[in-house]
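One chain, chain A, appears in both complexes that follow, with chain B as partner in the first and chain C in the second.
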Partner chain A sequence: MIAYAANLATIVAIFGILAATLNFVVGFAGIFSVAHAVFFGLGAYAGAQVALHIVPDALLACVVAAVVAGGLSLCLALPALRVRGEYFVAASLGLQMMATTLFSEAKAFTGGIGGLVAIPRPTLFGMEVSVLPLALVALALILFATALLQRGAFGRTLQALRDAESAAEALGKNVAAAKTLAMLFACAGAGIAGALFALHLSFVNVESFTMDQSVLVMAMVIIGGTGTLWGPVIGAIILLSLPAGLAFVPFIPATEVGAVQQIIYGLAMTLLMIFRPAGLVGDLSKGRATA
Partner chain B sequence: MTDEVLRTENLARAFGGLQAVAGVSLSLYAGKVTALVGPNGAGKTTTFNLITGNLRADSGAAQIRGKPIMGLKPWQVARLGVARSFQDLRLFTHMTVRENVLAATETASWFWQPGGGAARRAREDRAARALEATGLAALAHARAVDLAYAERKFLSMARILAAEADIWLLDEPASGLDLASRLRFGELLRGATARGVAICLIEHNLDVVTELSDRIAFLDQGKVLAEGDPQTILRDPALAAIYFGDRPQEAA
Partner chain C sequence: MLFLQLLLQGIQTGALYALTAAGFALIFGATRIFHFAHGTSFTLAGYAFLFCWNGGLPGWIGTLAGIAVAMLFGLAMERLVYRPIQRHEGSFFTVFVAAFGVAVVVQNLVGMVAGRGFASVDTRLSLATEVLPDVFLAPIFWIAIAVAVVLFAALSAFLTRTHAGVALRALAQNPDLLRAYGLSSNRLSMLAFAVGSAMAAPAAILTAMTTGLNEAIGHHVMLISMAATIVGGVGSLRGAALAGLMLGVAESVALQFVDTQWAEAVSFLVLFAFIIFRPSGFFGVAQTR
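So, the complex of A and B:
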């Protein structure tokens, strides 16, 4: 039971990082990316390759994953600089679909459909460690960095371009640079989450980096509260604990848990949009803004 | 007049078959208010958009203190000292009044602003002064979306004040303001011109134009039809006829 709880806590912390970093672009910059799982995947594969072929050092794996995912965030930043709103959603959707195919086909890097197996247990400075404390520290650092950026000038720049991009530009803000940096931060964070995920499971394949995963992370952000610090983490806890909790409900047959879970997700999203459009943690008045 | 800070030469821009701006040449001078007057669709806001880089000109040129600005992006033009307001205000609605104004003082797009704590305190002082000058200090922590109409207008002006630009392009900044607010707005403009700010004002209220402007450029169908002091331009019966929609019919 302890191992089960520790596993759940690790996954929640990893998805907390994913949701918090996605929230950085969705909630603060207003860039609705449905391709966050791509950068999660890139980080996972990069981290796994480091562990398999160089050394299973968690720190090194996270750094390499952040560099790879952050570097390739330009793939997402470029369309974000040219299109907005639903057009960007469509562009990021295209990137997600393309990446899923590439992950399945680029066998040398990803292991193809079968994925990468037998990833060694992570170490830190030569000592074997569990991923849970690493994930919690990474989550804490990312939340701290987010809070710092959110309260400072960079956070104001992102919120300004979210609310009125042309007015932000008219005040001298280089919107393209700000968006690119926001993407870089978010995607590098997703990469770190990916590396921790690979080290935790000792196995990764494309199934974890599909559109479904991107939508799940987006749901965590929306349910928790976009543009809030803690909302995405709360969203991750709720959406990951739900299936775990349903498995213990005696009158739901094990085979129907998945279906019940989907119904609950859908119902929760609908009710939330009606009664708390800004999410569980979000400011209620935000969702009802008139201007 | 001396001290020309901004000049446009034959700016032109068409949208499909519509020639929105058809060769606008205009100069703005330090410490002077120039009003752009003309009927709806005359090309006034498009001229602003061409100057600020929000639209690309089909032809023509513009320069700020002799430096060509055609082809620059809006943020690059802004960093040359141009601040503008929009007809629809475009406030950062979900930010507080103070954050709106602080954002106007922070132009670096990196994760942090240069200059450390001293520069940050200087920016906060600038923002506080702008809020004081626009009468918004008491509302500093209210969200922009919750402000009344006149307060929103003044917040738009506070951002411009805090930006410390020396060329202001104001698109109908006084529309919908009551008399008391208009007087306060006039004081703001007079304070700015006393500091040497060059102001270009698009305005339909001719009382405001008469009160505040030193010069008028009258636009119609994308062209400057006349330029001069307010009394001369506003008393011209031919221009009045165009402005009030009593345009003489052209011979077929």
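So, the complex of A and C:
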């Protein structure tokens, strides 16, 4: 039971990181990316390769993952600079679909559909550690960084260009640089989450990095509340405890649990958008002004 | 000869993509609603036809049922989801997420009710015969093309010759002026949803007869429609249809050079390239929003 709870807590922390970083681009910069799982996947594969072929050092894996995912964030920053709104969503969907194919075909790097197996247990300074404390520390750091950025000049710039891009530009803000940096930060964070995910499961394959996963993370952010500090984390907790909770409901056949879970979160997304577009947390802290 | 076979196959797929994409483009152009659940209309129409067919009903009843289901779904989305959202705020992302949620719900419901995995309709129309050495065509190829051509002719006649059609185009260009002339933009946007969603039904039925349906097909169809609308240029039905045809052909012809797994990636590569280099598409006008 303790092992079960620890496992759930680790997964929640990892998805908390994902949701918090996605919230950073969606909630603050107003860039609606539906390709977050791509960078999660890049980080996971990079971290797994480091652990498999160099040393299973958690810190090194995270750094490499952050560099790879952050570097490739340019793929998404490029369309973000060119287009907005529906067009960007379309571009990120396109990237997600291409990446899914690439992940299942680039067998040398990703192991194809079979994935990468037998990733060694992570170590830190030569000692074997479990992923839970690492994930919690990373989550805390990312939330801290988000809170700092939110108050600082950079966060204000992002919010300004989210609300009125032309006005922000007219006031001398460098829109291109701000957007690129925001993407870089968010994707590097997703990469770290990926590396931790790979080390925790000691197995990764393309199934975890598909569009469904991107949508799940997006749902976490939205259900929790975009643009809030704690919203995404709360969204991650709610959506991840859902399957655990449904497993105890007697009248749902085991084969349908997955479908019922998806129906619940789909319904939650739609109803929230109709009745409470600011999300669960958004309403508490800021009232209807943000809607 | 393989190339010719792939090209013809691509034209057949492309004709169906073009129909669905034109429906999406009509809705998006007229109402500015990013109807992400358009693929769901497609799924529902396909399964409605499948149920009628398996129930032993004649094909035309199934076709009517498919069209009716698609239209009802489109109208229900407009009334129950999009309109309430637009009443308090119009942010496109809110609309997108709400539609996405509905698509997820319906996909899983269909999976639970109709079973997961591919289901198709057996007809003699999809039996291929050799028309040229090594080139096989089924009667359904001609049907798909004829349906696409007839429906486009009908749609353009509707948009240019009838009052309602002209009003729809006016709605796309200037909703405020339209209201000033005393027309109801609410009624027109319902019309756009009804006509646009109905366009998905024939494509869904023909797909059920050829490659078959699964509960997640709406997703794929939606992504293709969206890609075609953007590649063709938002606001241009002709562009969307042409781009849909092109994407179908590209997807199919690409098989000559790469493995099947890459077919979908090819479409999105085209989309991605368009967004970066020519966001306004073939026939679109560059616009800032």
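To be clear about the criterion, the second predicted complex is superposed on the first by the 282 of 291 C-alpha atoms of A that agree within 3 Å, B and C clash if a C-alpha of one lies under 4 Å from a C-alpha of the other, contacts with A are read in each partner's own complex, and residues count from 1 in each chain.
The working rule: contacts are C-beta pairs under 8 Å (C-beta built on N, C-alpha and C of every residue); 3 or more make two chains touch, one makes a residue touch a chain.
What you see is a predicted model; the values in this text were computed from it and never measured.
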{"item": "Which of chain B and chain C A:H36 touches, first, second, both or neither", "value": "neither"}
{"item": "Chain B versus chain C as contact partner of A:A268, first or second or both or neither", "value": "second"}
{"item": "Which of chain B and chain C A:E256 touches, first, second, both or neither", "value": "second"}
{"item": "Partner chain(s) touched by A:A177 [first = chain B, second = chain C, both, neither]", "value": "first"}
{"item": "Partner chain(s) touched by A:M98 [first = chain B, second = chain C, both, neither]", "value": "second"}
{"item": "First (chain B), second (chain C), both or neither touched by A:V83", "value": "second"}
{"item": "Chain A positions touched by chain B in one structure and by chain C in the second", "value": "291"}
{"item": "Parts of chain A lying in touch with chain C, wherever the complex brings them together", "value": "26, 32, 78-79, 82-87, 89-91, 93-95, 97-98, 101-102, 104-105, 211, 215, 218-219, 222, 256, 259-260, 262-263, 265-271, 273-274, 277, 291"}
{"item": "Partner chain A, residues of chain B touching it in the complex", "value": "52, 54, 73-75, 78-79, 83-84, 86, 90-95, 99, 102-104, 106-113, 144-145, 159, 163"}
{"item": "Touching residues on chain C, where the partner in the complex is chain A", "value": "34, 81, 84-85, 88-89, 91-105, 107-109, 111-112, 219, 223, 226-227, 230, 259, 261-262, 264-265, 268-269, 271-272, 275-276, 279, 289"}
{"item": "Touching residues on chain A, where the partner in the complex is chain B", "value": "149, 152-154, 156-157, 159-160, 162-164, 166-175, 177-178, 181, 227, 286, 289-291"}
